[in-house]
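Same chain, two partners: chain A is paired with chain B first, then with chain C.
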Partner chain A sequence: MVRRRLLVAVPVLAATSAGMFALGAASPIDPAQQYAGAAAFTTSEENLAQIRANWGVDDPLPVQYARWVGHLLQGDLGWSTSRHEPVTSVLAARAGWTLLLVGAALALVLVTSLLLGTLAAYRRGGWLDRGLRASAYAVQSMPVFWLGLAAIALFALALGWLPAGGLTGITATGTDPADVARHLILPVGVLAVAQAPWFVLFIRDAVAESLRDDHVLAARARGLPGRTVLFGHALRTALLPFLTLVGTHLPELVGGAVLVETVFSLPGLGAVTVQAALGSDFPLLAATTLATTVVVLAANLVTDLAYAAADPRVRLDD
Partner chain B sequence: MTDTAHTIPATRRPPVKLPSAGVLIASVVLAVAVAACLLAPAIWPLDESAVDLARTRLAPSWAHPAGTDDLGRDVAHRSLYGLRVSLLVGAVAALVATVIGGLVGAVAGTVGGRTDRALMRLVDTVGALPHLLLGIFIVAMLRPSLGAVILSIGLTHWLSTARIVRSELLSLRTRPFIDAAVSGGASRLRVLTRHLLPHVLPRLALATTLMVPHAVWHETALSFLGLGLPPHLASLGNMINDGQRSLLTGAWWASLTPGLVLIVVTLALATLSGRWRDRLDPRVRAELNL
Partner chain C sequence: MGVHTLPDLRYVTSRLTALTVAVLALAACSAPSTTPSAPGGDTLVVATAGEPDALNPVLNYGVDGGSLIFDGLVSRDESNRLVPALARDLPTLSADGKTVTAKLRDGVLFHDGSPLSAQDVVFTYQSVLDPKVDSTLRSDLDMLVSVTAPDPATVVFRLKYPYAPFLQRLTLGIVPAKVLAGQDINKAAFNRQPVGTGPYEVKSWTPGDRLVLSANQKYWAGRPANKGVVVAFVADDNVRAQRARAGEFDVAELAPKLAAGFDGQAGYRVQKVPTADYRGVTLPMGNPVTGDVAVRRALSAAVDRAALVTGVLGGAGEPAFGPVPPSSPFAEPSIAGKAGAAPDAAAALLDAAGWKPGPDGIRARDGRPAAFALMYPATDSLRKELALAVTADARKVGIKVTPEGLTWDAITPRMGNDALVMGYGTPYDPDFVSYKLFGSAFAGQGFFNPGSYRSPTVDQALQEGRDHADPTRRQAAYSAFQKQIAADVPWVFLTYLQHTYVVSATVTGVAARVEPHEHDVANSLWWNIHTWTKKP
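Now for the complex of A and B:
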């Protein structure tokens, strides 16, 4: 199955890159004028034509696409027009912070939603259940960047507990882990809270359902303690579909990271993507979108593998 | 009345239920919001270009219920107009998404076979992409504008509609009344328009309504990033973005009020459309509420 999934990834990536290239080609932006910047107004038409010829912008589109993909496959992601450096070095410098942000938020969401969702399912209709569901629906309609701004207004400005943005203090010379951790509390927390509703509601419903399963009733009938039945039997069955949810929700999390990085001025991929978009920087935009797609596809593969490992009924070879 | 009690057993009669408090509140909120949006230009016209530098960043008061922003503009006033823009863009974009998704789903569900597999693979592919990133890409390549924003939402939000229409058509195709129509000599077109469409339309309408809040959030996110509607336009996303400047000086209202308006209205919209879905498909509700 691993090989089959990897084979499927190829057409997916090909289709994605072709779609993005088509959009880029349809764009009204002239790369030569963009490159020349303000000088475009004074540069002669011949010079602009020369730039276009050097870049091969006038070649037929399939030729351009093949050349672009060929470069991508060789690891040459192109030149970022908005940051004036190779796209690969932008990715190398930024990707780590985004992975840290997304990873920490995902871990936080998983732990809290498993705990809260299970407890809510156990006392269905109780105050915890009703409170959680009401707040989950409310949080679902709060844009993550609004939550971020509200968190800044409350925790950074009104209470002064945490820094309002950035990765390190203004006076810091390097990236001291403790300083970075303090700066990441709000962004990670906001991203986690914004994503939590889906996970909490899902776990709550899944556990509530599996609490009525035969094996859970049997465990109860044998007189096992409630905590063992709840976490060892009911939650365990509910975990399986949860894995898939994590996989399908990863794109949402990435989108949230883009907004959170912008709100908190974090030097991650998301913030750089927004700058690239504002500057119509096709190479950088295409690279970040493709890189994210690869990561999401890989993560989906991992969730499938985990599913197969966790549930013996799922066979790897079908 | 006693006769009917005889013929219809009491258990078969659906219980008459009053709408819950949540539905009532949501209906009132939505009715007020829509009425305010429709009447705003007549009652309380807004000059988009007006600034008042003598009254910048005033805290909420009777004269300015939600304060003023860093250009001295009334936040409540602009929020109302922002809501107008956001709801309009959201509704149009949701319609665009529904048309795209409906067409893809209809082709996949009626043609079937290889076309169906190819289209569903396309749906899965687009679904694997972070839709905000994709939306940003589309807007960046087409230059930020109203049309680009609507296209960006339409091209990233059609997937669920396509899936719904396809599965609905697939299940309808096996139903006896379709067989009856076909064996009765009805043409393909007649089967499609008279037998399939009436079943799919309510789902399509519901999918559009459920999509509006998502479309509004997407538009607001793009505008917040500076990639959405033109910056001078009073849209909720633009206002939250502008308000960031005031936030650090303590004037939280300039940024958080438009967001609150957005949250309350989309929450009401989501509540009502969710209730509609429950009524259309009681099974889902039973599964969710247990």
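Now for the complex of A and C:
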């Protein structure tokens, strides 16, 4: 199945990148004007035309796309016109931070939602269940951006426990892991809290449902201890659809990371992607889109593999 | 089927955990990890939204000086007057106005220890002129024919035509030829790790995060008074305000309304800095309503500039009546009108020109209603508020304005027929922007004179100001220019903006000077930060 999935990935990636270029070509924004900024209003048309010619952005779309694919096959992702550096170095400098943020937030969401959702389902209607559901709905209605600013106001300004933003202390000269970790507590926490409601509510409902299943009732009837029944039987049944949810929810997590990066001034991929879109920077846009597509395809593949591992009824050799 | 066919739960969770750990490990590998270091005792931290694309003057970084990393042949003092920098004295202009000669200062070293020579100056300017280089500065140097170095300490610029304010263009930072020669300047590593002669050298730049500068101990004008500067790049206004409130920054640029929150707060003061950046309404001559000078004059009388400053700008601005800022030595004081609205005067002007009020209160002449569209870039909330205020003021005198928020690609084709909220301005020389913005030779050429304003008096005055270096002659020319613009009203000038900063009380040495529109690392309140000190 892995090989088949990889074969499918090629046309998907080609279609995504071609779509990216087509959308970019339809955009009326002149990348040279975007590059010039305020100077665009005092720069002569001849000057802007020279810059566009240097970049080759006036060439017909198929020419630009073919050139890009040609370079891609040689491992060169091209030149970012909005960042003014090779796309590979933009990605190298920034993708790591975005991955770290998303990865840590995902881990936190998984652990807490599994734990809290299961406990809430076990004591359905109890104070934990009601409190959790109420706060899940409340958090679901808050924009990530707002959550971030509120967290800064509380933990950085009012209490002074954590830094308000940035990747390291403002006068630090390197990236000390402990310093970075301290700076990532708030962003990771905010991203996790913002994404948690989906997962918590899902687990709660799924476990509550499976608590009524025959096999769980049977386990109870056999007199197994409550904890074994809850985590060993009920949660296990609920876990399968949860894997699917994680796979499909990953793009949303990446979207949330873009906003969190803005609020906490983290030098990740979020801000540059927005800038690339505003500046019609095809190479960078295509690269970030491709990277996201690869991550989503990989996540789906991993979900399916995990599914197969968790449920022997699922067979991969079709 | 049933419970016993499921594998061990622990197996699944351990798989998931392993996956998460792998993601984290991957991320950690790609992140650079170095050792932490002690914070510099008197390192200053400033915060701005403006992050340069590249730290290379040839690629438009800090072209008007104040770039912290580079020096030009000349620089500007607190009143924006030119003073010698890498040139020993102010360069001299030949009698015909077409040759400029600069003698270099002795003993200036680049950050890498190599000495500055005239070849570096020649290389810098030739790079700007090279069409293969992505420099927008080329448009401003179209009078420059050649740059030569007859000896290692002399640079000669030859111009196509006499150009009086040429010295103002010599603030461009000088780059070392040796480091850049033979490279593709657009893609050189230099753009991230530059080498200049300025008071600070670049230690590191993490785009999107910060620029770390350390004092150049061998700076030709004397060692900086502090150890270094960190420029934090925080794009969002609210986030920057929050982080400033948490005490992270010594100076932060903030929007006026956010800065007001720091007024009276212990440890901070708010610094308002005047700028030459004006906002106004272009009134195209091709439109049958705005093409009538009576309508244009009436609009200029009808707008309440004082209310714009207090209401729209939160007090961070001043009324504008012309394209030369009041802080400029060339400003003509007689054109300043009343800051408040003068609806009666406006009505009288319209009555006299035959624009009579109709039953709905909108004036009309020969069956044509006094109505026009006012465009503004939809993403610019300040221009939107200005457009709405002008609409309301115009309505009071019977002119119907329809505000339209659009994208630039929708605005540009319509600039010849519809009014537009625009902004320009430079504190340095009145020739810089106005020559192209109001000269008839540029009528209808993109953003240069989009309203196709034509006035022989203005053309002659602008040419005179550019041709002759004699200060009294220039003064007279620009006075005539401003008076004619005030009479013809091709634009309704609304306000000059002010930039607002919050400054920590521990910092001494701040000297605000009139700022241009563009200010980021270069040319902000911290233009002279190498003389600042900080109390512990």
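Methods note: the second predicted complex is superposed on the first by the 281 of 318 C-alpha atoms of A that agree within 3 Å, B and C clash if a C-alpha of one lies under 4 Å from a C-alpha of the other, contacts with A are read in each partner's own complex, and residues count from 1 in each chain.
By definition in this document, a contact is a pair of C-beta atoms (placed from the backbone, for glycine too) under 8 Å apart; a residue touches a chain by one contact, two chains touch by 3 or more.
Predicted model, so just to flag it, every value in this text is computed and none were measured.
With both structures placed on the common chain, the touch criterion links A:Gly75 to neither chain B nor chain C.
Among chain B and chain C, the chain that touches a larger number of residues in chain A is C. In the superposition on chain A, A:Ile152 contacts both chain B and chain C. Residue contacts after overlaying the shared chain place A:Glu45 against chain C, while chain B stays out of touching range. Of the two partner chains, both chain B and chain C are touched by A:Ala164. In the superposition on chain A, A:Leu235 makes contact with chain C only, not with chain B. Within the superposed three-chain model, A:Thr262 lies in touch with chain B and with chain C [touch as defined at top]. When the two complexes are overlaid on their common chain A, residue A:Gly223 makes contact with neither chain B nor chain C. The contact surfaces that chain B and chain C form on chain A in the two complexes overlap at residues 28-29, 149, 152-153, 157, 164, 262-263. Those residues of chain A that touch chain C in the complex are listed here as 28-30, 33, 35-48, 50-51, 54-55, 79, 82-86, 92-97, 99-100, 102-104, 106-107, 110, 149, 152-153, 156-157, 160, 163-180, 215, 218-219, 231-233, 235-237, 239, 262-268, 271-272, 302, 306, 309-313.
Residues 1-3, 5-7, 9, 11-12, 15-16, 19-20, 23-24, 26-37, 39-40, 43, 45, 53-54, 59-60, 131-134, 136-140, 142, 186-187, 191-192, 203-204, 206-210, 212, 230, 232-236, 238-239, 242-243, 245-246, 248-249, 407-409, 424, 432-433, 436, 445-447, 517-518 of chain C touch chain A in their complex.
Chain contact summary for the complex, chain B toward chain A: residues 121-122, 124-125, 127-134, 136-143, 213, 217, 220-221, 224-227, 240, 243-244, 247-248, 250, 252, 255-256, 259, 262-263, 266-267, 270-271, 287-288, 290.
The part of chain A that touches chain B in the complex is made up of residues 11-12, 15-16, 20, 23-24, 26-29, 124, 137-138, 140-143, 145-146, 149-150, 152-153, 157, 164, 205, 208-209, 248, 251-252, 254-256, 258-259, 262-263, 273-274, 276-278, 280-282, 285-286, 288-289, 292-293, 296-297, 300.
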